[in-house]
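Both of the next two complexes hold subunit A, though its partner changes from subunit B to subunit C.
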Partner chain A sequence: MATQSDKKQYDEMVKAASPASTVGVNCIKAFLVGGSICAIGQVFYNMFHNRGFAKEDAGLMVAGILIVTAIILTVLGLYNKLGKHAGAGSVVPITGFANAIAAPAIEYKKEGLVLGVGAKMFVIAGPVIVYGAMASVVVGLIYYFVK
Partner chain B sequence: MNILWAFIVGGAICVIGQLLIDLTKLTPARILVLFVVAGCILGGFGWYDKLVEFAGAGASIPLPGFGNLLARGVKKAVDERGFLGVITGGFTAMAGGVTVAVVFGYLAALISSPKHKK
Partner chain C sequence: MEKHIGEQTVRFANPPTITATAAIVGPKEGEGPLAQYFDVVSQDALFGTDSWEKAESELSRQTIILAVQKANLQLGDIQYILAGDLLNQETGTTFGVRDLGRPFFGLFGACSAIGEAMTLGAMIIDGGFANNIVASASSHFCAAEKTFRFPLELGTQRPPTASWTVTGDGAVVLSAQGAGPYVTTATTGAVVDLGVKDSNNMGAAMAPAAADVLIKHFQDLGIQPDYYDVIATGDLGAVGRDLLLQLMDKAGYNLHHNHKDCGLMIFDREKQDVHAGGSGCGCSAATFAGYFYRQLLRGEINKMLLVPTGALHSVVTVQQGESIPAIAHAVAFERAMSHNER
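And then the complex of A and B:
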């Protein structure tokens, strides 16, 4: 009996303590992983910038390297493993966008190259592009009339 | 030194995303949309570029940086070709990143077979 009530008490303690600490741990993991991805990006950026590439070109090359790396990790099944621990740390950087394109493309390959790969590729990337395009037109309109 | 700031600022932006996931039950897809739109609006005012100057990849690699890229692109296009720039600027700015992701995502699908769910 004692052990049962101990267990009950313990369960309640776990329940009370875990939400806040889980969020805390998740945030630390997201910070470390997301920060690391950005730091790696900065290392490449410095490298290209020091070799005389223009800002925009260096930026695109860095994004390209991170995107291709993330897709290779996705193929190997490693990016999803990282995502289980890193949460937003692997979702929010551009590598998460690349993973969101490659992962459904691979998963829905069996539904065909057109409606499987071609369509499912944009399950998450599509909304990002749609709302990004909408926002850019709004910004462009305001800029055109205000400037 | 700028590598450290990229780490800190990039990490902090991801923490904001993590808090949104854990505390608001927003799905990751909605957070990505939210971040891109937010980055585009902040970029429209020119505020996000200040963060990019300071934190480099720490600000440009997270998704708000993608939104900022769109804002920067559309403003540049409006400067260069007037009203038509409003409709071409955003997609021109995202062309590079999206094309790389689509091409390599497609190749990835071609060479791999879907994992069986355990």
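And then the complex of A and C:
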């Protein structure tokens, strides 16, 4: 039976032996890829807006394009390769959310359309929706009273 | 003759022989440094099926049948199959053996399965309860990712301490009669937990279990690590190997010269992007059945100790914040028996 001091001592050894992630390089990659995805979105936005679409409509169309593109890249097995290098850079934009829904949908296809695809589709994105919705309620209440 | 020695070790009175082995692996393992030693390298990760789970079962079935064929035996000659894998309820194995019609013990020791299977198989044979048994263990990268981690297509990053589950199966036929290599002794490990909680650092979680069983093995038999040409742990990877050597140094045993880790052998860490190394039941099973068995047969090595290591967590225990218990089993092989033992 290992004592607390054994565990503490071993924890020190593990920390010393385990290589850390290359945070600096990862941040630069995330910045470049995340920035590029947003820049591409901006290009489309400007294009639509200049052709006479309203701001809201142009924004929705850009979101649609990014989501569809991310899902196609997921199906082709390319988005996970991008994600391996980009990290948060490809997780945080809307494309990451699309990937998080498409990937389990593909993985659980064998378990059927209801209990597989249907039930598992939000297994990763679900918490984002739950806490995103809750946060928006809180922010909305604050806005209502502060305003 | 007293077969149980010291605290946790057995010495077989009539050491079982390895009659044949078979190792079948997936495409990525076929690009690794040990490719030439595997019987079959499948270029199809699905092994002709339509799901990862079915693929692992097919892999398990094919490997067991191939091992029996290579031993020049019929399935009917096999009195027991002892096998294990990583999937829930061990369906990887049970669905693989369901059409074989042989008596079956399903074993769970996570990635230590082949050590557990060979220990128990050798006991069954030395006890006179069977003439031939098959010990086997399998894992499949894609099925393991689905069971333990994230969908394959999800764009996530792995930390440098993470390992890569081997797609492979190693099966070993043990027989009462034969000309070796022999299974001579075995030390069964206890569950050891030094509080590691990071399931992306399983080498660190398992190293204390490997150290514990090695120390018991040396103490029980009164031998030193240099008794063996090779001491091969299962899937500690780079971090776990480093920690094991440190723990053994502290206990006064020097493993620096003859220690190898199957997880560091089966993949080229630099070229194949597997981070800390290979892992999974198939890692030690396929490396032993493919590589080390041939080394023993050719006399490249005469005595070896195989120490498959297993992390005994589940997705639920990790989510509940539990630390990761681990286990390791030591099984010794000798190419020829010395006179006083035979």
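As a convention for this text, the second predicted complex is superposed on the first by the 120 of 147 C-alpha atoms of A that agree within 3 Å, B and C clash if a C-alpha of one lies under 4 Å from a C-alpha of the other, contacts with A are read in each partner's own complex, and residues count from 1 in each chain.
Please note the rule applied: a contact is a pair of C-beta atoms (placed from the backbone, for glycine too) under 8 Å apart; a residue touches a chain by one contact, two chains touch by 3 or more.
No experiment lies behind these values; they were computed from the predicted model shown.
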| item | value |
| --- | --- |
| Contacts of A:Lys84 with subunit B and subunit C, given as first, second, both or neither | second |
| Which of subunit B and subunit C A:Ile124 touches, first, second, both or neither | both |
| Which of subunit B and subunit C A:Lys110 touches, first, second, both or neither | both |
| Partner contacting more residues of subunit A (subunit B vs subunit C) | B |
| Subunit B and subunit C contact sites that coincide on subunit A, given as residue numbers | 26, 74-75, 77, 87, 91, 96, 100, 102, 106-108, 110, 124 |
| For the subunit A and subunit C complex, residues of the former touching the latter | 2, 6-7, 10-11, 13-14, 17-21, 26, 74-75, 77, 79-84, 86-87, 90-91, 96, 99-100, 102-104, 106-108, 110, 124 |
| Touching residues on subunit B, where the partner in the complex is subunit A | 2-4, 6-23, 28-29, 31-33, 35-37, 40-41, 43-44, 55-58, 60-63, 65-67, 70-71, 73-75, 77-78, 82-83, 85-87, 89-91, 93-94, 96-98, 100-102, 104-106, 108-115 |
| Residue ranges of subunit A touching subunit B (in the complex, touch as defined) | 22-23, 26-27, 29-39, 41-46, 59-60, 62-64, 66-68, 71-72, 74-75, 77, 87-89, 91-98, 100-102, 105-110, 117, 121, 124-125, 127-129, 131-144, 147 |
| Footprint of subunit A on subunit C - complex, ascending | 50-51, 53, 146, 150-161, 192-196, 201, 204, 208, 239, 242-243, 246-247 |
